[in-house]
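These are the structures, in structure tokens.
Two complexes are shown next, each including chain A; its partner changes from chain B in the first to chain C in the second.
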Partner chain A sequence: MSFEIVASSFQHKDIEQEQFRRTLKCGAIGGGTVVALCVFGLINQFMERWIIENTLSLAHATFIGITLTVGALICIRSPKLSSAARIFQGFLVGVVSGAFLSILILIMATFDVRHMFVSLSPKLLAFLSYGFDPYTACLVTILAGGVLAMAGALIRESPTWLRKPLIVGLATAFFIGLFAELLQLAMQYESVEPIRDYMFTWEGQTLTGFITMFVLGFAISLFWVTRGKAVMMNHRAKSSGSQRSIRYFLYAIAVVLLLLFPMAAGSFFGQVLMLVGLYVLMGMGLNLEVGLAGLLDLGFVAFFATGAYAIALLTADNEHLILLLDRPLTWWEALPLAMFASLLMGLAFGIPVLKVRGDYLAVATMGLGEIIRVVVLSDMASPLLGGSQGLLHIPRPWIGNFELSDPIHLFYLTLISSMIAAYFAWALENSRLGRAWMAIREDEDVGQALGINLVNVKLLAYALGAWFAGLAGAIFAAMLGSIFPHSFQLLISINILALIIVGGIGSLPGVVVGALMLIGTPELLREFGEYRFLAYGFVLIVMMRVRPLGLWPSAVRKREMQSAEEAEALLRAQSGQKA
Partner chain B sequence: MAILEVDNINVYYGNIRALHGITFNVEEGKIITLIGANGAGKTTTLNSISGILAPRQGTVKVFGQDVRQIMPHLLVPKGVIQVPEGRRIFSRLTVDENMAMGAFTQLDKATNAKNRDRVLQMFPRLRERLNQIAGTLSGGEQQMLAIGRALMSNPKILLLDEPSMGLAPILVDQVFESIQDINKAGVTILLVEQNAYVALQIAHYGYVLESGQIVLEGDAKTLITNEDIRKAYLG
Partner chain C sequence: MTIGQTLLKTNALTKRFGGLVAIDALDLDVKERSIHSIIGPNGAGKTTVFNCIMNFFPIEGGEIRLSEERIDNMTPDRVAYRGVGRTYQNIRLFKNMSSIENILVGMHMHLKSRWWGAVLRSRHSRADEKKASEEASRLLQYVGLRGKGDVLARNLPYGDQRKLEIARALAMKPKLLMLDEPTAGMNPSESLEMVGFIRGLRDDLGITILLIEHHMPVVMGMSDIVTVLDHGTKISEGPPDHVKRDKKVIEAYLGQSGVGHMT
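On to the complex of A and B.
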């Protein structure tokens, strides 16, 4: 009997120790993040941005957000505790996080660390200590951390109908505040002026605006959480015909919104969306290669460059042109030629790497992509391609007597091109060629053994992928009016690859989602300068840990995940039986 | 009539000689087996037939035509298909999709439907699991799928590489029974096996491979009683 007691007390101690470690770890994650943000200098920038005008700065909002998150995190990670114990753990986690920040405050107050960490300025110290002396400030920070993290734990522990609306409401209000300036730019119409003045001043979001947005987000989410199931059931109960018409109706609304939004929102949004559109085009092209055919390609930017340079050579009125034609072509005339040039480049690119596989292929294609850029830069090619001076005076496309000069016009051009390209990509995916790509992606040797011509199929993947990129390059050249080799860095290839991975490899809607995330969002956050790339890297890491399949995974990948889960469940059940 | 003729082929991996002048014929409508231990050159022989490897000397003729003049992927429409060692099914695709891949060269829908029915009749287990991810099938089912996938191409010659590998004895019997059925339906079979006993039981004629050479050949019935083979492979 005594043995059992001893054993159970050991076990108890074990659990306690484990919980202690867990709390410390979560606290360290929160505290470490906050301290890192201070050291990197982000907080200095965030201090000056209001989420709610004169009330809540972005820096405060960041602290609050992080602390709430770790509070919720510890609840998720301690499933064995009771609800009350979890909320108490939340408090402890907040205290640990606060302690981290307190140590930073004490260090800053005692030593001069500015010669090593430029960002740790007296201004930051003043901000962190709220005008208290350092010791009181530490106490306040620790307490505030505890309370906030406990609030996070409380939110996590509250029932779904309350938790989801709360999170959605806070997030809505936060993002409206974050993008206040851009939203105001988009609301430059007299008809919406009262709403604008109600919600924003030029400094940021008003308190009333924040509350309104919170209530709005809360209410919509509350409706969805409580009534959403009934709505969906109702929808499913309808005949498939009316379901389809509802779906088409929703698609139509989405298309109309997409068409109207940039026109209403102004040329800045138009420009951002157009850039997103270009990356969507390229993403769809690379998706044919990587997602469908499994050919990892890090030199994709070469095809983009080919399209852009072909347009420049054929349409710009310069001395290079005379070598080729007696008059410059219009953009529309040059477009098919440019796309064809990219297609040929894709073939030329594919031939040397036909027998290279996997990781080696990635490196080989990276080399090929760089070769193209270096050749363009070289003196040898500069009489034709302009070297580092680039090619200038590329005309914009005209439709009749109308010049597509504004970013918004070009956005529409990109949008229509993307839609046509998406249709092609979809049709390809479901074609015989698409099946052949799928087979060689899964197993090249077996694909060949089943009668697939590896050479043709691989070259077609490169050529058609390049074709999409050529279209993007042609629009890109028209947008800028001049092109330089520096616009075609390796980073573009990497970005395109990253966006299709984040979106969900092999998935067409995933390309759009990935481009919005990785290309659109950083553009909107331009005011934070280089710091936005910090967020970019952070998002990539988090995404790959939390959603390794991407935001909108393709059917095959989703199934694979499901079957892995099923197998795991089966194993667990079996081991459970044995125990 | 011999529809597959292997004439004195020598195959090298770099400077290492893997096959030393292998010669044999496969008659139409028969089951011919190549047996031998690990590393005897069985898979190398098979890969030289399907065009994956090119012999340095000697020729392989399929329906009288030198395989070196046929691109590897064009062997399938000619009626020669290989079921690779270790099954190599597309494990992330469903059973149905795997079978559809097998019919890649078969454009006629009616023939496809007929072949599919035939395969599903032969392997009822596959019918039950049509929409299951192939990677979650058991080893025996995967082997059935690999054979079924190959049959979808409507082959005249089926090259089977170690179909018994990694299977429980009861499943081996099942799979080999199916191979016999396929043969009865008119498909010529070249069976490469380590498990000499089961291979010789269903085969008409057998060749014994050792270190890249054929050391013995004969009717399966006589080979199975041969003392040397008994000692070396049957235990």
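On to the complex of A and C.
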């Protein structure tokens, strides 16, 4: 009897210890992140940007966001505790996080560490201590951390109908504030002027704007959470004909918005979208190789470069021009030739690596991609390709008497090309060739023993993928008007591969989402330029841990990840229905 | 059930892995419309024979002929074109593709549509696809997997996976079907069902069957000819009754205690 009591008390102690460790860990994650952001100098930059003008800077928002998150995190990780206990844990976690930051404050106040960490400036100290003396500041920081993390835990513990709208509302208001400047640029029309003046000043979002946006996001989300199911049920109950017409109507709205938005938003947005479009185009191409045929390719940039250089050589009025007619070709005339050149490059690329499989293929193709760049840079090829001087004076495409000079015009060109590419990819996926690609992705030997000609099928994957990249390269050349070897770094190949993986391998919408996320967002946050890749790396790690399938996984991958049990249950249910 | 002329013939087929002789000067003569079994203890080189015929790796000596034509210098896909289909000991389906897609891949070489046809949705290509999916459904039904076309191969029960693998091989319309332990892991009644099914393939579809099998009742019950391998060499060959009584087989393969099983 007494033994049992002792044992249970041990057990109790164990659980307590575990919870203690968990709290420390979550707190350390939060506190560590905040301290790291300070040391890296991100907070210094974030201080300059207002989310709500003169009230809340991006730096504040970051602190708040991180603390709320760790508060919620501890709740997720402590499923055994009661709700109240979890909220209390939230408070403790916040205190731990705050303690981390307090230590930083004390260190900064006591020692001069600037010669090692440039970012830990007096200005940062002033920001962190809110004008209090260091010791009071520490106390305030710890308390604020506790309260905020507790708020995070409270949000987490609140019922769904409240939690989701809260998060959506805060996120809406935050992002509107973050991109306030860009949004204002896009609202340069008299008709929307009152809204603009209500929402923003040139410094940032107004407090009223913030609250409005929060309420708006909250309301829409609340409607969706509480009534969404009913709406969907209602929709499903309708006949398939009217369902389809509703779907087409929604598609039409999306297309119209997509067409009108860049025009309304101004040329900066146009430029960003144009870049995203180019990456989407290349992503579609690489998706044929990696997503369908399973050929991991890290030299994809070579095809992009081929397209760009082919256009430049055929159309640009300089000493490197290759004259096919008595005048330089126009962009449109050169386009098919450039795409064809890329296609040939794809073939030339595929042949040496036909027998290379898997990870080895990634390394081999990386080497091939670098070869292309180095050859272009070399003295040997410079009389032909211009070496590091590049090729200048590439004309823009004309339609009749209209020059596609603005980034927005070129964006439309990219958009149309991407749509064609998407259609291509979609049609191929459900064809004989698409199935053969998937088969060799799954098991090359078995595929071959079923009569699939590996050489043909693999080379087609390289060639068709390269074709799209060539198209992207041609548009890229026209956009910049001049091209240089240094525009075709390995990083581009890595970017394209990363966006496919983040979007969801083998998924066409995933390519678009991935490009928006990895190419579009960093472009919009250009002022934090030097930290872009820090964020980029961070996003990749988090993505692969949290959603390894990607943001918008293809249906096939989703099926793959379904556990065998689920599938069995499904099968049983189906056979039950039939019986 | 008329057994015809020689369909597959190997002359002094030799395969070495480094210093190990996996197959040593093997002569094999598979007649058309026969069910020909290869048996032997583990490591006798049975699956290696299949891999050599399929040309998964180059052979060190001898030759392989299918209907008089040499096939030992061809790539596997060309061997497949000549009419050789196979299954695998450890089932090798395209696990992440649906049943119907697996069969459609098997039909790959009989489909005519080209990639541009698929992109342009040409009438020819659409008709081709339609015909293919109808035939695939028929095959699915033939092997008893009706209604499971959309299930991922990996999620099928074990027995169904075996059936699907055979269906995929049948989609190639092979002249010679090589089955590598089709009843492995099956209980006696399932094995019996499989025997009937394989007989049907030969009797109804006229396909020649080359079989690797461990279950003696299966082998002895349906084979026309049995070849016994040990350490890469043929130690006996002939009708089941002949092989059953062959002293060399009993000694080398089954051992003294195994005699009881044979009768």
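By our rule, the second predicted complex is superposed on the first by the 559 of 579 C-alpha atoms of A that agree within 3 Å, B and C clash if a C-alpha of one lies under 4 Å from a C-alpha of the other, contacts with A are read in each partner's own complex, and residues count from 1 in each chain.
The rule we apply is simple: a contact is a pair of C-beta atoms (placed from the backbone, for glycine too) under 8 Å apart; a residue touches a chain by one contact, two chains touch by 3 or more.
Just so it is clear, the model here is predicted, and its values are computed rather than measured.
Undergrad: Once chain A from each complex is brought into register, does chain C clash with chain B or fit beside it?
TA: After superposition on chain A, which the two structures share, chain B runs into chain C.
Undergrad: In this superposed model, does chain C or chain B come into contact with more residues of chain A?
TA: Of chain B and chain C, C contacts more residues of chain A.
Undergrad: Report for A:Phe528: first if it touches chain B alone, second if chain C alone, otherwise both or neither.
TA: neither
Undergrad: What is the contact status of A:Ala449 with respect to chain B (first) and chain C (second): first, second, both, or neither?
TA: both
Undergrad: Is A:Phe340 touching the first partner chain B, the second partner chain C, both, or neither of them?
TA: neither
Undergrad: Considering only touches as defined above, state whether A:Ala439 meets chain B (first), chain C (second), both or neither.
TA: After superposing on A, A:Ala439 lies in contact with both chain B and chain C.
Undergrad: Let me test your reading of the model: by the given contact rule, A:Phe175 touches which partner, first (chain B), second (chain C), both or neither?
TA: Neither partner.
Undergrad: Can you give me the overlap between the chain B contact set and the chain C contact set on chain A?
TA: In chain A, positions 432, 435-436, 438-439, 442-443, 445-454, 556, 559-560, 567 sit in both the chain B and chain C interfaces.
Undergrad: Enumerate the contact residues on chain B facing chain A in the complex.
TA: Listed in rising order, the residues are 50, 52, 71-77, 81-82, 84, 88, 90-94, 100-102, 104-105, 133, 135-136, 149-150, 153.
Undergrad: Mind listing the chain C positions that touch chain A in their complex?
TA: Per the stated touch rule, the residues are 54, 56, 75-77, 79-81, 85-86, 88, 92, 94-97, 101, 104-106, 108-109, 111, 113-115, 117-119, 121, 125, 128-129, 147-148, 151-152, 154-155, 168, 172.
Undergrad: For chain A, which residues are in contact with chain B within the complex?
TA: Contacts found on chain A: 432, 435-436, 438-439, 442-443, 445-454, 556, 559-560, 563, 566-567.
Undergrad: Touching chain C in the complex: which residues of chain A?
TA: Chain A residues touching chain C: 423-424, 427-428, 430-436, 438-439, 442-443, 445-454, 460, 464, 556, 559-560, 562, 564, 567-568, 571, 574-575, 578.
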